[in-house]
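Below, each structure is written out as structure tokens.
Two complexes follow with chain A in common, the first pairing it with chain B and the second with chain C.
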Partner chain A sequence: MKKLTYFPGCSAHGTSEEFDSTLKLVLKTLDVELEDIPDWNCCGATSAHVMTENLAYALPMRNLVLAEKLENTTMGIACASCYQRMKVTKVHMDENPELAKRINSTVVEEGTYQGKVDVKSMLQYFYEDIGVEPIREKVKKSLAGLKVACYYGCLLTRPKNITNFDSPEYPVSMDQICEALGATATEFDYKTECCGASFSISNTEVVLNLSGQVLAMAKESGAHAIVVACPLCQSNLDMRQPDIEKQQGVKYDIPVFYITQLMALAFGHPIDQLKFPKHIVPVEGALANIGKVAPVPEKVKKPIKAVEAESEAK
Partner chain B sequence: MARVGVFVCFCGANIADYVDVPQVVEEVKRIKEVKFATEYKYMCSDPGQGMIRDAIVQYKLTSIVVAACSPRMHEKTFRKALSDAGMNPYLLEVANIREHSSWVHQKNKKAATDKAMDLCRMAVAKSIANEQLHEISVPVTKRALVIGGGIAGIQAALDIADARIPVVLVERSPSIGGKMAQLDETFPTLDCAQCILTPKMVDVASHPYIELIPYSEVIELQGFVGNYKVKIRKKASYVNFKTCTGCGACWQKCPVKVPNEYNMGIDKRKAIYTPFPQAVPNKPVIDAEHCTMLLKGKCGICAKVCDKGSIDYTMQDEIIEREIGAVVVATGYDMWDPKPYEEYGVGRFKDIITSLEFERMVSANGPTNGLPLRPSDGKVPKNVVFIKCVGSRDEAKGIEYCSKICCMYTTKHTILLHHKVHGSHAYVFYMDIRAAGKGYEEFVKKAQVDTGTTYLRGRVSKIYKKGDKLMVRGEDAQIGQVVEVEADLVVLATAVSAPKDNPDLARLLGISYDKYGYLSEAHPKLRPVETAKAGIFLAGCTQAPKDIPETVSQASACAAKVCGLFAGDTMKKDPMISTINNEYCSGCQNCLNVCPYGAIVTDDVPVGHGSKDLRTVAKINEGVCQGCGSCVAICRSMAINLAGFTDPQIINEIVSI
Partner chain C sequence: MITLGSQGKNTFLEDVNVKSGANVLECYQCGKCVSTCPVSQYMDFPPREIMQMIKLGLRNECYMANSHWFCLTCSACSGRCPREIDIPAVMEAVRHLAIDQNYVNDSKKVKEIRKFHEIFLDMIKRYGRNYELRMMAEFNIRTRNLFKDMHLAPKALLKGKIPLGVKPLKSAKAIKRMFAIAEKLEKNK
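Moving on to the complex of A and B:
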């Protein structure tokens, strides 16, 4: 059994409770045991880093130092924003030992920062540490027939020099995982556009506009559902969808799943454990597509002569 | 007793601002051999040189020290001043107090001054031991090598050959012509590239003074200016060019299809092919990577249909050698790969193409009969968005420099689109319009009016697909808003980049290259076509991005330099070379191994006076030795002496500080 240090972040205990609980189901199937960081604290989120640099580094630093007390070399983070703060801090501390020393001096009691724990988003952990093939092997119930638009948002792969994972503009890791589950990932050009993030509360208009564009493009791509790995993306696209529909006068009816919900579904976990009733947009319509289409047979490579004959004919 | 004169230069403010020049002069005056010392604002100017000439006569000086810029800049100038005053020019020493002191210690005047004084003391001490030396004459091979057969190489070869100097022109691909042969019309006059280029290509092939070696690569260069030896690998073409008439039966019947490089892969060529119908030489070669006969031993159709029997599947690469006196490097450029622009969907959207692909499509001899077509569905596009500076002027994703030609060719493309597709509309996203050149600004202005193109100043941030259209989102900085343009086709003006093999070629030739891979000129302003290695010159984009007129000018400049080099029957060479004292030489031959120029051979000399027994010693070939001093350092017997850098000179320098 593999072990993984886990940082749930505040949203996993609130708005994205279904992300947290399905993540645990999925990891159980994948034979990974989660170890919580003892006495973990808030990552600082948006508030800390607009206030002071020290605080923005010190809060994640404390978590990083505490994580080093566990034996695991990797920390998995559910929330994209927590991941971002933790990873930025780690990269900057590792690059600049002087800075690390200064920030560490504010969290002396917890210990000395050594930089030995790597920081990954859960998406990155699935993609790099578990791998697409082992995920495919665990699938009991293929999602074939379901078309999904994989939406990464702004934080999971950006900025590139911090995350060093997948492409900052057109990532494919979530698409590949969804394909492994049997679903079809649509060609979705808005996968890294901004959803409006925390403006959801302070300036909702912005979110209605930006998330509205994401929904429109997802629909345009032919998707039945959107898949995310970020609590804020999920809440904006799902919770604000009725308002967006009202404003645009369009009916989208696109449920927004966490990647772990679809994985748990494909791994054969009972549907009543997947917390679908927590969604604002009903999921039943989208899920009804599963099994409607026979799995596409693998493409057979045509013999060269046939290809040539075709091009001749053209 | 030595009588040394010291001349310290201000170099305008270059030295004087950071080094206390009067203090340096006072300091050197305290050395007892220094009989005269002075300062001047520009020592290299005529009055400055005059001061040196006058002082030599007036103070009966026996050696001269000039404390100024690098000897690479003005050593020759000052040596001439010595000659003019009747003094042996090699009695000069240059103390480099600019590059070695004032420029690099701008924050500490005292330290810079102290260092300048040290450098002067060393130069004075060395000059005291200087000896009179005399230039060496070496024979010259009057034949030039031109590497690369694009417009730069063609022009250089023709100009040199017209001066009745034999030229060896080596081209890597099966035909000369280069990138220019792929162009349709050329800015700012819209001459057809083929019409102005192909006659020159024919001239090259038929010129009695040009030996054209196509489908070949330079693999080794040995020797020195005036006396190089080059090894060329002639790639196996599997076609006997002597008997082949270029009739075309072979490539018509060949069953293997390969993406056509000449047309940027838009259509297919055969495995036996000439790159394009106007190719020179107009003889096919077999592409060994794709030919079924060469890969699997099956097929052989081309040999069957060739009634001259010119096909030879057993042909091997051949190494040939030529003796030459000078080299012109004209290896051109590559188009930058826009893959890093993921936000544009490069590689995902078929209807995003590069400018060179657009150029091929609108070319009269192109794969689409001169019409731009959408690669996705073959339809003629109406709305075309041109994006400039893709890779250029982009430190984050591309290259820092401006590629210089994209503003102009994009303007040309808007005109070509306007001519070819009625009712079309062009949009150009640009950062600046750089139209510096004769007739260029007028060309851009006229095109803007005639074509009605919409120019949007700003960068494109995203391209996404909506139905079968591409939505191009960018900033219009002039109205401060984000705009979206619906496009049928997007054309990326990708940057000009250095040929990826340039670093390898530079190492092979022994010349330098910059961080981008462009070959370095000897001086950015005053020696723009020479390299730091004597006898090797640069023409065209291999040195930096440039347009056709500039490339042709530079190629002609190279030709003038080559002709100048070959003007006499012999060439003067600096006398700073090694000599061997046979008395001390033990014949260990370590020096043979370290000599980078192959200038040392062995010789047999009598063991003693009048003895018949022989022993082996080393011997220097005067013509080949470049005076690098490697042999001096390795010699355990201290038998080797490097003129101008003798042991007494070096020891004097060391003792003086």
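Moving on to the complex of A and C:
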């Protein structure tokens, strides 16, 4: 059995509770034991680094220091934003001991930062530490027939010098995992475009615009559903979808799954444990495609000879 | 250091370079950041223009622009910048300098963005974690827009999408102390 230090993030106890609970189901199947960081705190998210430099490093550092007290040296983080803040802090502290010392002065009781814990997003952990093949081996119920657009957002692969994972422009890790589950990953050009992120509440107009573009591109790629590994992407694309539809006058009706929900489904966990009723956009329509033979594309290319004959006739 | 466009020393350029760790002088104004930026259409000055304004030492104009408040730190620009300049870090440096020097952009949008971040930090200070429902409620109250997103509330609450409470940290005192020390560090920079 593998062990992993786990940082759930605030939203795992709130808006992305289904990410957290299905992640735990999946890791049970994959034989990974999670160890929570005791009394972890909020990473500060976007707000801390927008407003102040010191707090933006101090809040993640306390979690890193607490994690160093545990035996395991890899920290898996569910939320993409928490992952980003924790990784930025780790990279900058390791590069600059003087800065680390200054920031460490704010973490009084917990101890000294040593930089011995590695920080990974759960997507990265699945891809690098578990591997696509072992995931494929655990599949009991193939998702064949389901077409998905894998949406990574900005934080899982960017900036490259911080994340050092997959491609910042056209990542494929989540696509490969989905294909291992039997699903088809569509060619989706908006994989790493921003959904509007933290503007969800303070600047909703921007989120409706940016997330609307992601939905439109996912629909155009022929996907039945979008797959994400970030709580903010999920809530912007799912919870705001009815508003986007109203604004654009288009019906998307495209559910937004966490990658762990699809993994748990394919691993054979009972559907009532996957928290689908929490979704604002109903999931049943998309899931009905599972098991169906992939339909023949509507725009079948005409044979060249037929095209030539047509043009001659004109 | 070479400075452009202003008589004497361009202290603004130096401030931004030191704070961001980037070298703004390396920008050759190709505009790739603007075409990449998902929010440049909302900015007073898109990233390319901000870069040039820093080179020209236009301190007040940069501070008062809404650009650094609209930057989402998505890092799309820096990933495609042919000069590999960390543009989000530059935006952040300008914002932090503006905050430190008490510049206030009082357009409605910037006020709301800033208020949101302040409330979010306040939640962490109080509970050690984010209390989502309370954060949303306080945002509506403090921006005097009580009914914002209320149409989402019945569904989100019924489905348990947004929980009613938050479990505060055991070591809430440690977080409060951290805030106090960090605030002191900010002042003594």
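Assume the second predicted complex is superposed on the first by the 292 of 314 C-alpha atoms of A that agree within 3 Å, B and C clash if a C-alpha of one lies under 4 Å from a C-alpha of the other, contacts with A are read in each partner's own complex, and residues count from 1 in each chain.
Operating definition for what follows: a residue touches a chain if its C-beta (ideal position, glycine included) is under 8 Å from a C-beta of that chain, and two chains touch if they have at least 3 such contacts.
All values reported here derive from a predicted model rather than from experimental measurement.
> Where does A:Y190 make contact in the superposed view: on chain B (first), on chain C (second), on both, or on neither?
first
> Between chain B and chain C, pick out the one touching the greater number of residues of chain A.
Looking at chain A, the partner in contact with more of its residues is C.
> Touch test for A:A58: chain B only (first), chain C only (second), both, or neither?
A:A58 sits against chain C, while chain B stays out of touch.
> Which holds for A:M1: it touches chain B only (first), chain C only (second), both, or neither?
neither
> With the two complexes superposed on chain A, say which partner A:P168 touches: chain B (first), chain C (second), both, or neither.
A:P168 contacts both chain B and chain C.
> Where on chain A do the contacts from chain B and from chain C line up?
168-169, 193
> Show which residues of chain B lie in contact with chain A when the two form their complex.
For this pair, the touching residues of chain B are 255, 257, 268, 342-343, 345, 348, 462-466.
> Can you tell me which positions in chain C touch chain A when the two form their complex?
My answer: residues 38-39, 42, 70, 72-76, 78-79, 86, 88, 92, 95-96, 99, 109, 112-113, 115-118, 120-121, 123-124, 128-130, 132, 135-136, 139, 148-149, 152, 155-156, 159-163, 166-167, 169-171, 174-175, 177-179, 181-182, 185-186.
> Quick one: in the complex, what on chain A touches chain C?
Residues of chain A touching chain C: 10-11, 13-15, 17, 39, 41-42, 44-55, 58-59, 62, 102, 105-110, 154-155, 158-160, 168-169, 192-194, 196-199, 201-204, 206, 210, 235, 239, 277-280.
> Inside the complex, what are the residues of chain A that reach chain B?
Against chain B, chain A makes touches at 167-170, 187, 189-190, 193, 217, 220, 308, 311.
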